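Naming follows writing order (A, B, C and D), and every chain is counted from residue 1.
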Amino acid sequence: MSVAVVVHAAGDLRLEPVPEQEPGPHDAVVAVEYGGICGSDLSYLRHGASGLSVLRDPLVLGHEVAGHIEALGEAVTGFEVGQRVAVHPATVCGHCRHCTQGQPNLCESVRYLGSAASRPHTQGAFSARTVVPADQLRAVPEGVSTRLAAVAEPLGVAIHAVQRAGDVRGRTVLVNGAGPIGALVVAAARRAGAARVIAADLAPASLGVARRMGAHETVDLAGGAPLPEADVVFEASGAPAAVSAVLRSVRRGGTVVQVGNLPAGDIAVSLGALVFREVDYRGTFRFVDEIATALAYLADGLDVGPLLTHEFAAEDAVEAFRVAGDRRTGSSKVLLRF
Amino acid sequence: MSVAVVVHAAGDLRLEPVPEQEPGPHDAVVAVEYGGICGSDLSYLRHGASGLSVLRDPLVLGHEVAGHIEALGEAVTGFEVGQRVAVHPATVCGHCRHCTQGQPNLCESVRYLGSAASRPHTQGAFSARTVVPADQLRAVPEGVSTRLAAVAEPLGVAIHAVQRAGDVRGRTVLVNGAGPIGALVVAAARRAGAARVIAADLAPASLGVARRMGAHETVDLAGGAPLPEADVVFEASGAPAAVSAVLRSVRRGGTVVQVGNLPAGDIAVSLGALVFREVDYRGTFRFVDEIATALAYLADGLDVGPLLTHEFAAEDAVEAFRVAGDRRTGSSKVLLRF
Amino acid sequence: MSVAVVVHAAGDLRLEPVPEQEPGPHDAVVAVEYGGICGSDLSYLRHGASGLSVLRDPLVLGHEVAGHIEALGEAVTGFEVGQRVAVHPATVCGHCRHCTQGQPNLCESVRYLGSAASRPHTQGAFSARTVVPADQLRAVPEGVSTRLAAVAEPLGVAIHAVQRAGDVRGRTVLVNGAGPIGALVVAAARRAGAARVIAADLAPASLGVARRMGAHETVDLAGGAPLPEADVVFEASGAPAAVSAVLRSVRRGGTVVQVGNLPAGDIAVSLGALVFREVDYRGTFRFVDEIATALAYLADGLDVGPLLTHEFAAEDAVEAFRVAGDRRTGSSKVLLRF
Amino acid sequence: MSVAVVVHAAGDLRLEPVPEQEPGPHDAVVAVEYGGICGSDLSYLRHGASGLSVLRDPLVLGHEVAGHIEALGEAVTGFEVGQRVAVHPATVCGHCRHCTQGQPNLCESVRYLGSAASRPHTQGAFSARTVVPADQLRAVPEGVSTRLAAVAEPLGVAIHAVQRAGDVRGRTVLVNGAGPIGALVVAAARRAGAARVIAADLAPASLGVARRMGAHETVDLAGGAPLPEADVVFEASGAPAAVSAVLRSVRRGGTVVQVGNLPAGDIAVSLGALVFREVDYRGTFRFVDEIATALAYLADGLDVGPLLTHEFAAEDAVEAFRVAGDRRTGSSKVLLRF
């Protein structure tokens, strides 16, 4: 048995033993060392749902993990026991038009760790021991700690989001919403050559993290400051009013990338500016294989340390989730240690 | 004095003499022969406003016109009196970043014929005689009638809309809303190499026009047919419910181009699919210089005849506007003849 | 035994029986009806080699074929015996980065019908009966004759070449070299929305075909006419002097696509203009899956009839190859009938 | 009179007084403080020509300069006397299709400081005092020394070169030729998010500079090491053999950007790989306005210090040119101090 962080229903999070999966010939057993708590993990705990995925059975949470290989199926090559790895959380079909045309993140048969999107649910990786197909392993490079490697997944999300914006070299970039993903987008946009990166948020602590992650400037929205014009906006707050605001504040002909989920169902948004300002408004969903780029950036010195505001032992998962879900704590990315 | 079609207030359209402008050295006097009635013309008459532009003084309507040159300022070269021309309706500053970076359609100082966006209003071209800077003239090629050349402007809008979609070669394209612009988008999408073009509308007459303009298939939405999946969708209805619908029906990773104005202010839209389907939702506004491409296509045999369902003498402008504004008449593009 | 067109060495082409392959559970047996002779087929016969691929064993030629299904392996679904099909000639690995990133045409393990690139050679399809994996079948749409469907492969090559040029809408396009591929590029460029398509060649007969395939204008290079400036040039002659010429004649900032093979080894080219005119010079190789787009275009009325200047029974293959290889005959695409 | 660095003929460089130009109402007088010696400056001295531009009259060299404003024409706004500035060396027409479509670097009427491309020659800026149109001034940001600002022009060239490569995020980049421009391309590619940047050269000193400018890895070509495969190659050596080599070493479907001039006239190059490897081979010429991005990057901490291996007083220009032209000195960018 392996001890795992399991959500049973809204508000009901438990640390409990789960049966260990038997690895197949192409699988690997990963001894998880660190796992980051994501917004979707928090949503399952708070609402019993994340986006359109509704919890129907107990679900091991977690899809941002790194650790080392404990065992390998006999058909696996290219890895060895003991090697440090981050886990790519998606299993895709490999055959649909999305998979064959370079967009496996849009595969309609995807199974993502720690997700209730299909049933039976895809159990997650907040577990002392987790079994994954070996082609989802990503070697952690020399010089990158396993702890920082747990951030490779959300950093991959941020890198993909910046990729979705097209060329940001020399551009002024606004990141609206400076939670963990927003702060990683700040770092990814700087890596991609943005000339000026501005972060906007209501919470001073989040703006502090954004600044330490590389923002040239921050805008305190609680103080009533208006959004500055930018060539490219990453809308990472998910608030309908923010969508209306950024469609008006982005420069004409500019690009808005919507990062992270919007509320399900109808929302009231002022979309008119999309047309007469000729805006590109683009969704971004997870990542293709930017988790590899994320590990390369970490190896190359991109410092995600400022993001890691809190760390808890897995036994204290309930408290960890409380801190992660309450921005008054000043938390950004909260890690579990297994 | 020249006789012009002037809107004085919502519901108050008059045919009346207007003072002739004096042409400057760089201007041309155009004897207008044909003018097409656009949705914004209709909106000024119906609501006393078009989008955010509110009528505050009498306004000569019209920006889709063709005719011949009656006189030229002494500094004009490259044109001659008597030559047939279509009119590019925009005067831009030429110096702002939009103008110098290839997006003059986004110039913030633009003046567009027949627009109340600034004050004094920019008087339009539904006038027997109209004065424009000579660099807004576009020669009508041999073999294209002046009557068809009046469609160059809205065809330019359609070509720009298709350009905004990126590469449509070999793609399945859905045009939602088969009014005049939608029908021209059908033709432009075919010219751009779409493999299959589907038009959807509530009105059978509009679907008939779309089919004659090149749609491979039509979907009668009044009959309750669902929207088919498409690689690229042109949303030309402007209805919020349609926006929600096409964001769900476009294929994952696909593109939706919003053609024509959405209602001002907040609208209720289901935007969530933008993110998890990773959709590109793009506005399109007027055109850069696709009016030249439009004339080239007309010369090359693109037939916009099916669009021209009605034609009236300028004196019958009130009736012409009634017919253009009432889809039960089966009207698509309605022409005025001067 | 099936009768096939086999090249044994340079100058040695034979019509002879070849053993029939046994179809596997995922294969189909195609009764070939028509096959087009390609430049690489001619090259194997003339030089015993095509590009870097040297003939070492007898090789059944042919990769541009259409016919009907004669038998299907038991695991094949989606097709039925008797159905008319064109054949996609490439078998790819499906796993390499090129295959998974949407560029299977660059797969390093590709096997292409009728090619000596690897050994044992990949036998071709100029055979009364040929066995291919069923996922290489492409259904011929209603209304497209099997004869015209034999052109789907080279038309796919042309469509891919035009795709490589980026957006050609409204552009002036020059096609230098109006052999079969050049003429198909003319048609594909028109389909993609080019405003003006000019073909240049030394042979009047080729210019005639190009005109019938849609060229607006032709330039007779034998008469000493200079190359006109164009936004996009497709260099389909493969002559080093032509490469130098088009790099100078394309407009500054324009694009040159090199279609079809250049001579192996060093060639003398004036490349300097690439830099100070900031030209994009792009190779194009076969196609991704534009053979499907080709079939859609054929169904939609694209007429490749003018290309099909000659047709021979398979028994007269030697004569067919002689005619195809001698431009003085006025030949463009030469078909074999099985 | 202002003292200037003047080339009279191949091998004849003089420091001599030149008449001061009279500034017009839209001009600025710049007191030049630092100027970088470029390859074209060296070429005029060595060959009496640079590319196709042949020296016919004495020419003040220099186009990479920074200093402060000494006087302003009465019509100039937005700048003040004493302000530190870098100089954008190009005067363009502003009206041609290149200028209006965002490619002023391709303007056919351009006049570039220190160039013999037209006659009378455009005198350069290696002069204690130089007069330029005020719209060619670029303010040097706080925190950037005037000395480093002299590198803004070649850094702009490098940023434009990287922009020409398209998206380099997460890619492996090879820079072949690690002279001053190659070393700046290394820095610009890292800024643009390349995951791995490799520099190749024959000279160990150049490889050392490249490493200090950010190369992750260097390849000593003198030692016979082969070129590694890369997604994107910047060919900055200008050697025909290198062009052949990189077309073969770039990954299939990859991009080669040719930076800096190739020899005029025919050169022997193995171009065949362009086609069957489907390579994009792109020229890059000067810059659009990436000099502004260059200054932003300098302000943001991009350190070009390692490039500045030598500095001479203007009086020692002859020696400075000797050192700059002799790579055995270990020189990279050589500065003149006025």
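Quick notes
FYI, a residue touches a chain if its C-beta (ideal position, glycine included) is under 8 Å from a C-beta of that chain, and two chains touch if they have at least 3 such contacts.
If you're wondering where the values come from, they're calculated on a predicted model, not measured in any experiment.
The interface holding more C-beta pairs in contact, when B-D is weighed against A-B, is A-B. Looking across A-B, B-C or A-C, the pair that copies the C-D interface, with over half of its contact pairs the same by residue number, is A-B. Chain B has its Cα centroid 43 Å from the Cα centroid of chain A. The geometric centre of chain A is 40 Å away from that of chain D, both derived from CA atoms.
Multi-chain contact residues of chain A (touching two or more other chains) are absent. Listing the residues of chain C that touch chain A in their complex gives 94, 99-102, 104. Contact residues of chain C toward chain D in the complex are 51-52, 98, 103, 105-106, 108, 164, 243-244, 252-253, 258-285. Contact residues on chain D toward chain A in their complex (touch as defined above): 159, 162-163, 167, 169-170, 191-193, 195-196, 216, 290, 292-293, 296-297, 300.
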